[in-house]
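The chains carry the letters A, B and C, assigned in the order they are written, with residues numbered from 1 in each.
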Amino acid sequence: MTDIVLYFATMIGIYTIAAIGLNFQYGIAGLINFGVVGFFAIGAYTSGLLTLAGVPVWAGLLAGALMAGLVSALIALPTQRLNVHYWAITTVGLAEVIRLILLNEDWLTRGSFGLVGIPRPLDAIVPAGYQTAAFCGLVWLLAIACYLALRLLVSSPFGRVLKAVREENDLALSLGKPVFSIKVRALAIGGLLIGLAGALYAHYLTFISPADFLPTVTIIIWAMVMIGGRGNLAASVVGVAVVTVFLNSTRFLKDVIALDPQMIASLRMVVIGLLIMAIVVYRPDGLFPERKKELADGDTHAGR
Amino acid sequence: MATPMLAVERLSKSFSGFHALQDVSLEVAERSIVGLVGPNGCGKSTLFNCVSGFLPFDSGQVRFRGEQIGGMAPHRIARLGLVRTFQNGHATKRMTVLENMLMAAAGQTGELPLQALLRRAAIRTQQTAQLGRAREILETLKLTRVANEYAGNLSGGQQKLLALGRAVMCDADLIMLDEPAAGVNPTLVREFVSMVRDLRDRSAKTFLIIEHDMKFISGACDHVFVLSAGRNLSSGTPAQMQRDPRVLEVYLGKRHAAVA
Amino acid sequence: MNLTQILINSLVRASELGLIAMGVTLVFSLLRFANFAHGELALIGAYLAYALSAAGLDLWLAIPLSAVATGFIAVAIDKALFARVRTAPGLVLLVASMGLSLFLKNIVGAIWGTKSYSFEGSLARSFSFAGGFITSTQVTILVVSVIAMLCFHLLLSHTRLGRAMRALADDSELARARGIRVEAIISRVWFIVGSYAALGGALIGLETVISLELGYSVILPAFAAAVLGGIGSVHGAMLGALIIGLAENIVLAIDWSFLPFAFGPLYIDTGYKLAVAFLVMVAVLILRPRGLFQGTSGD
C-alpha cells in the first residue's frame, strides 16, 4: 500500500515541477510552449547519460536542468519575434526533432533501447526499505524549493514585467521594457524546471527510452496546468494530482469493466482531450484562477 | 536657438504603394505642448508609430534631443525618455492600476531574475518608495479609488488617465499622447487639460498630442501641426489654425463630401 | 537513388501533403489560428476509407465517401468547439486544437485499436518510367490530387463562395459589413478542408499504411508547406508542399560526405524525415516570415 502512495506522491512531485515550469512560461509570461516533452527529455537524458558515466547525481540533476534551460533560451533567440502560432509550431517541431535525435543517434543515446540502470540518488546513504521514501522526499524538497523561487520571481518587478509582456506586449515596449530578452529569460527559467523534472523522472524510473517522450506527454502536462489554474502556481499541484490519479487509477477499471486495456488507455486520453477543450471553452482560467494582487503600502509579497 | 526636444524631418512611409506619410516634418521644443491634428486617416497615428520605433519608416530623420533614433527599437527609444500612449489604451486585464504604475517605473532593481531572487531587501525598499510615488501621481489623476482595480475594468477616460500616469511614473521627458480625450466626458477633458499644463509647468514635461477635440487642443497646446493625406498642411497656434483657410477647407471639405 | 525516382517520390509526397496543407493555410488565414488537430482530420479520413473498403465498398467509392463524411465531421467539430471561442485570443484556440488532436486521435484508437491497417487488394503494379519506377498507386495519387486541386482552384476563382472566402481572408470586418454571412462561409470552408484532408490521409494510407501516427506525421510538414507558401495562399501551400517533398527526398538521398566534418559516406537517416520539414520551416520563419509567396499576414 505504501508503495502505491509513494508512487503517486513521487510522480505528482515530479510532474508538479514540470507543471509549474510550464505555468510560469504560459500562465505568467503568456508564452505557448508546445514542446514541453522535448525539454523534459533533455533533462532526463542529460542527467541519465552523465550519471551513467560516473557523475554524481546532484551534478547530473543540475546539468539536466541547465541543459534544458539553455536549449530553451537558444531556441527562443532566433524565434521569439514570431507570433504565437508560429512559435507554437516551432516548439512542437523542436520536441519532435529532439526525440528523433534520441532515437537515431544510438551511439550516444542507445537509441530505442534506452538508458538502463540510471543510479538513484541517496541509495548509497539511505538504508534499504527507506530508499523510495527518501527519493520521494528529495523530489518534494526540490518541488517546494522551485515553487518558492518562482513565487519570489512572480511577486518581484521581474514578475510584473512578465505579466505586462503577457497582457500588452506593445505597452511594455512603450515603457522601455526589453520584451524580447524578457521572453527569453522566462522560457529559460521554465525550461530549467521542466528539465529538472525530466532528470528526476529518469532517476526515479532508472530506465528511459525515447518512447517515454512522445508528444502526448506535452499535452498531458498542459492539461495539468490548465486544470489547476493558469497563472496560479500553487494550483498546479492540484491539476497534476487530478490528472495523475485519473490516468493511473483507470488501470484498475479493467478488473471492473470488461474492456480491452488498450481501449481503456485510449479512452483515458479521450477524457483528457475533452477536459482540455472543456476548460478552454468554459473555464479558461482553470479551477483556481490567478488571484488579484492587492497592494498596500509596505506590502511586498502579498498575493499568490 | 535651442535644439528641439523632438525633430522630425521629411519623414516618409508607405504601405504597399499607399503613401501614408510624405515628407512630414515637425518640431517639438522643450517644455512645450504641441498638438498634431488632421482628418481621419491623414497619418497621425502612423507618424506616432514611426517616431516611437513601432514602425520602420522609409526615409527622413527623427532626432530626439539631437540624437538620431530612426531604426532604434521601441523600448530603447522609451528608455531615452520618449514615451507614447496608444489610442486603444492597451489596458491590462489582469494587472491592477497600482501594478501598472509600479511596472512603469524605469531603471528599477529586480527586473532581472537573478536580481529578483538575490536583492530582496533593496527591492522591498524600492517598492515602498515606488508605492508612495505612484499614489501621489494617482491622487493628482484622481484615480486613487481604483488603485487596486484591474486596469481593464476602468472606464475609457480612467484608462487614458492611467496611461498618462504611467508615462509620468517612468520619468518620461517627452510624452506622446494618442487621442487622450477620445471617449472621455467633457468635465474630465477640462481636468485633463489642466493636468497636462500642470505637468509641463511644474515637472518640465514636454508633450506631443494627437487629438480631434478642438477644445482640448486650444486649451492645452502652444503650437499645432496640421496634417492632411500624409503631408504637412499648416502649423501655428491653435487660434491661427482655426482661422487658416487651408485647414478649414480640409475639415469642411470633408464634411461636404460626406453629405454628398 | 536516381533523379527521376527522387522527383517521382517528391511529387507523390507533395500531392498528399498539398491536400492537407491547403486546409491548414485556409484555416490559419480565415480563422486566425494554427490548427494542431488538422492532421487528425487526415487520420479520420484514412480510417473511414479503410473501414468502408473493408466493409466491401470499392475504393473508388470508399475514399470519396470518407472525404464527404470527414467534411461533415469537420463542420461539426467547428460548431462544437471553435465556434464557441471564435473571438478568443490565438493562445486559446491553439490550446483547444491541441486538446482536440488528443481527443480525435484516441477516439480513432478506441474504435480501431493501435495496430496498423492496409487497404485490401491494393496490389500496385510497377511501371518503369524515365529511369525510375512508378507504381499504379502513385499514379492514382497524383491524378486524384491534381484533379482535387484543380477543382479547388476553380472554386476559389469562379464561385461566389470563393470570392467570399477571399474577402473574408483579407478583412473580416469589411466582409461582414458587405453582407457576407461569415458563419455560413466558415462552415463551408471546414467542409472543404475536412474533405481534402481526409482525401490526403486516405491517399497516404493507400501508399503506405493506415496507423494512428498518420495525423501526427503529417501535421509538421503540412505546417511547413503552408508557412513556406505564405499563410493564406492555397497555391503557395501547394508549391510549399512540392518544395517540402523535394527537400525531404533530396536531403535523405544525397551523400553528405562533402561536408568538412564528415569522414566517409554520410547519409541522413530516414528517421529524420520530419526533421527536414521542420528545419526548412524554421529557416523560412527566420528569414522570410511572410513565406516565399507573400500570403496574407498570418497574424
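Criterion: contacts are C-beta pairs under 8 Å (C-beta built on N, C-alpha and C of every residue); 3 or more make two chains touch, one makes a residue touch a chain.
No experiment lies behind these values; they were computed from the predicted model shown.
If you take the chains that touch chain A and keep only those that also touch chain B, what is left?
Touching chain A as well as chain B, we find no chain at all.
Work out per-chain C-alpha centres and flag the one nearest the whole-protein C-alpha centre.
A
Please report how many Å separate the Cα centroid of chain A from that of chain B, as a whole number.
42
Taking the mean of the CA coordinates per chain, how far is chain B from chain C in Å?
Inter-chain centre distance comes to 47 Å.
Averaging over Cα atoms per chain, report the distance between chain A and chain C in Å.
Computed from C-alpha means, the inter-chain centre distance equals 31 Å.
For chain A, which residues count as touching chain C in their complex?
Interface residues on the chain A side: 26, 30, 32, 34, 78-79, 82-86, 88-90, 92-94, 96-97, 100, 103-104, 215-216, 219, 222-223, 226, 260, 262-263, 266-270, 272-277, 280-281, 284.
Quick check: in the complex, which residue numbers of chain C touch chain A?
Residues of chain C touching chain A: 28, 33-34, 36, 81, 84-85, 88, 90-92, 94-96, 98-107, 109-110, 113-114, 216, 219-220, 223, 227, 269, 271-272, 274-275, 277-279, 281-282, 285-286, 289, 298-299.
In the complex of these two chains, what residues of chain B are touching chain A?
It comes out as residues 52, 54, 73-76, 78-79, 83-86, 90-96, 98-100, 102-104, 106, 108-113, 115-117, 120, 123-124, 127-128, 131-132, 135, 147-148, 150, 166, 170.
Under the definition above, what is the set of chain A residues touching chain B in their complex?
My answer: residues 149, 152-153, 156-161, 163-164, 167-168, 170-179, 185, 189, 231, 290, 292-295, 297-300.
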